[in-house]
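There are two complexes below, and they share chain A, which is joined by chain B in the first and by chain C in the second.
Showing the complex of A and B:
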């Protein structure tokens, strides 16, 4: 049981990074970004591909590239923002294009980034690598930074205002387009960090971009759409469920378990744990 | 008073004439192309049934291939294990897909927002996982072969005509659905959900019924596809097929009935002729799928109304003619 708790906390931290960005974009711009997993995959692949030549600098470059790609997606969405069906289809096809490009370049093989620090420590009888501990710490630091950014800075307050009402935000003189693009940038960077951390612990293949979305969906539905706090708590719960199912039934069942969770929430409490109507 | 009416070729007659074109094709074209055209007709039913939900209720179903897959695997397994005749197997597959569609529809469609898109986006991945976990029953990645004795007809030409008939029947069924009172209510829901609710339309009920009809047709088409091509595999579940369906419907124009039909036939033939040839020419195996995705992005950004919408804008820009 300790194993579920410890491993689940680490993976939950990574899901929190991915899902908080997804939730942020939904909350602010009301768009369902199916390309969100793409940021994760781009960062992981770029870091792994450049690592042999650039060393750890490749990790920063990869996160930066994920952010840039977020801005590109935002530019693509801009002309069709008010047609929700088209936004869903557009982001979906962007995600699939990137998956296909990764498949052409890297073939159907898994990659991973060598851990920054080697070593294992035993916590309550469970061996935990330093990589996992560092991943959790970085994830928590990023989430705390996000919380401070949204609450304390001017841009953060503008983001908050836009998520409550974009028309009202426009009326008080907030540049809503700037808010949209910075939201996309932030969520892409968060997902990119998640991708780099994930790739040090697990292996990543081109399909991961899409698979990640399943967990992000589950997290935001459980936490409530648009609620960042809910997403973070839900991310850890989903992490525990996933680890539990992987240990008891095998990891190929984890997706089945996660969709069961999604459907159960939609039946019992569609607005999630902390969602607003 | 005598009125002189000139016999004119009206809209319906045009359609009938066009509908006759595929009939002589098996006598002219080589067998491999006839086989592909037949598959294109079945594919058109996938697209038409998807568009019934997307184009007429405004909900996006990203897991349409799951209904196709349920119909396909159910009918294939019935034929293989219980030796039921093709027609009964196909109908059973369609019914199971409908039941599944009803359950998903009732869970997701009573909620406002994009829950249907979200849940249905995940379903294909889960189903592919299932097929692999129980590969003993479902044949895993390779799929199942059902053998020529279970085919709809022994000859390719025979199956071609059956596929064509199936497409015409489906087209007629959807035509009746969307042009009747029910279709009018669906269009009202699509255009303004709150207003539709205001005039007393039960939005959830209508959406769920449309979703069930769509699932039924997809399930039937999945079954027909199996007994047409004599095999079933995960490609009937997969994301690439889903994108091909969306691409076709968008290309023709969502909710225009004949648009998605024309889109389906064009895109399917383009995919298996042009894209695959290009991919072979530049010697990159996955390039045909990539071209498809990129084409979809361009289409969404540049021509979101599809061919029909494009024709309309072109026509509205022409100088008005007076008769």
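Showing the complex of A and C:
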């Protein structure tokens, strides 16, 4: 039981970072960004590749690069933003291209970043690495910062207003394009942070971007499309489901369970827990 | 060609061809290498086999590390009638030669040992640990969700039990698995050793979490990624003290003079150690081909490059008349498998030690370090 709670909370924190950005993009711009997982992968790969020369500075550079890539994706999306299918196709193409490029450069090997601090501490009899604890703290701090940013800053309030109605936001003088690009930048940075934390605990492969996307889907569908609060709660729930199933039925069933959650929620409660209409 | 295995195969062949050409070629003829990419798809492999045979008119084909692709292409090979020296491990490949020699005689396994050798060698690995004072009886297996591993597991379970070991846990992980925390904790609470059987899974992630979580029991098994020289970097050095089986001794450790020369030549040519096990076997394959052609010429064959003649003289490279390759003596069985054993090519027990790959058995380039 403690194992589920402790291990599930850490992985839930990382899913929350990834899914909150995904949900934010949908909530504000009403787009499904299939390239969202690539921010995660780009940050992880760049940090790992630059680590031997730049040390832990590479982590900051990698997160920055993921943010820049988010802005690039936003520029690509801009002309077709109102055409949902085209956006899906475009972002899917971007994701596939990035996966291929990573495959060509790094081949089909997993990469990882050395943990900032080594060591293990026992919590309720469960050994937990310092890396996991730090990852959870960073994830929670980022989510808290996101909450404060959206609720307290001018740009945050503009993002909130645009998510309710982009037309009304434009009418009151909000620069909606600036909101869209800011949202994409924040989403990409959050996913990038998730990527570098994940690569310190586990490892990352070119295919990880798509796997991450599936988890992001599961989280936002459970939490409700467009609801950041819902995504955060759902991320932890998915983390617990994943860990519980791994312990009880074995690892091979954990992803099946996550996909089963997607299907079940779509049938029983398509709005998710806190979905926006 | 996008995988490390493809790159290593091509480089291994190119290096051998270059060396042979610099020394006068084969019977005075220079080797010309034509590269084909199966893209790991059987249909593409069949098309490429036809192109190599009919358009490029090659004398021999070398490569093919995916058993699935090789098996699916064996009928096409019978049509094009060219010898294919393969690098894959499935027993099915050579069983087919045994079942229908006339159709499948064109296939020779050079690059890898038959995967049916793995279970006995894994038990030998545990015996080796016990001999060295690591008390091992209860085994936790963490394995890929793949057919070839399931086949190994069926044999392994029986052979472990016969030899007094007990499988106390079997965790099957899908290829996308990256979180091994719960499996490792369960293994530590139940077993004396964790035995990974992983080729497609995220082995680097398993190894990293084994070390980061300070799991107190050894990791000793068949982790095919551990053979790769860049595994140390891929795991940020977390593979230190991992014990692993190196199929067909394809590991950059100086187990003999030929191996030493090959590793040095590869590093000089490409600036890196052989990227994957497939480099060793494909390098050997070019020299085995040369040996067979030269034996044919010496025996007075009119066309030593002819496919039927080539098969006859490849078969002459047998346990009585082996060819010394970089991994050991190469000899073929009657159904074109590699003869297996200490005097021939065999799987090696190895350990990662402070960034270096050390062989422990049968030829030791270092001593086991106990965790």
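The rule is short, and it goes like this: the second predicted complex is superposed on the first by the 277 of 277 C-alpha atoms of A that agree within 3 Å, B and C clash if a C-alpha of one lies under 4 Å from a C-alpha of the other, contacts with A are read in each partner's own complex, and residues count from 1 in each chain.
In this section, a contact is a pair of C-beta atoms (placed from the backbone, for glycine too) under 8 Å apart; a residue touches a chain by one contact, two chains touch by 3 or more.
From a predicted model like this one, the values you see are computed outputs, not experimental measurements.
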Touching partner for A:237 - first (chain B), second (chain C), both, neither: neither
Touching partner for A:267 - first (chain B), second (chain C), both, neither: first
First (chain B), second (chain C), both or neither touched by A:252: both
Partner chain(s) touched by A:14 [first = chain B, second = chain C, both, neither]: neither
Touched partner set for A:211, first chain B, second chain C, both or neither: both
Contacts of A:126 with chain B and chain C, given as first, second, both or neither: second
First (chain B), second (chain C), both or neither touched by A:43: neither
First (chain B), second (chain C), both or neither touched by A:103: both
Common ground on chain A, meaning residues reached by chain C in one complex and by chain B in the other: 103-104, 211, 252, 255
Chain C contact footprint on chain A (complex, rising order): 3, 7, 11, 52, 103-104, 107-115, 118-120, 126-127, 129, 131, 198, 201-205, 207-208, 211, 242-243, 246-247, 250-252, 254-255
Residues of chain C that touch chain A when the two form their complex: 2-4, 7, 145, 171-174, 176-183, 185-186, 202-205, 208-209, 212-214, 225, 228, 230, 233-238
Chain A contact footprint on chain B (complex, rising order): 54, 58, 60, 62, 107-108, 111, 113-115, 117-119, 121-123, 125-126, 129-130, 132-133, 239, 243, 246, 250, 254, 284-287, 289-290, 293-294, 296-297, 300-301, 304
Chain A residues within the chain B interface of the complex: 32, 34, 76, 79-80, 83-86, 88-90, 92-94, 96-97, 100-101, 103-104, 210-211, 213-214, 217, 221, 225, 252-253, 255-256, 258-259, 262-263, 266-267, 270
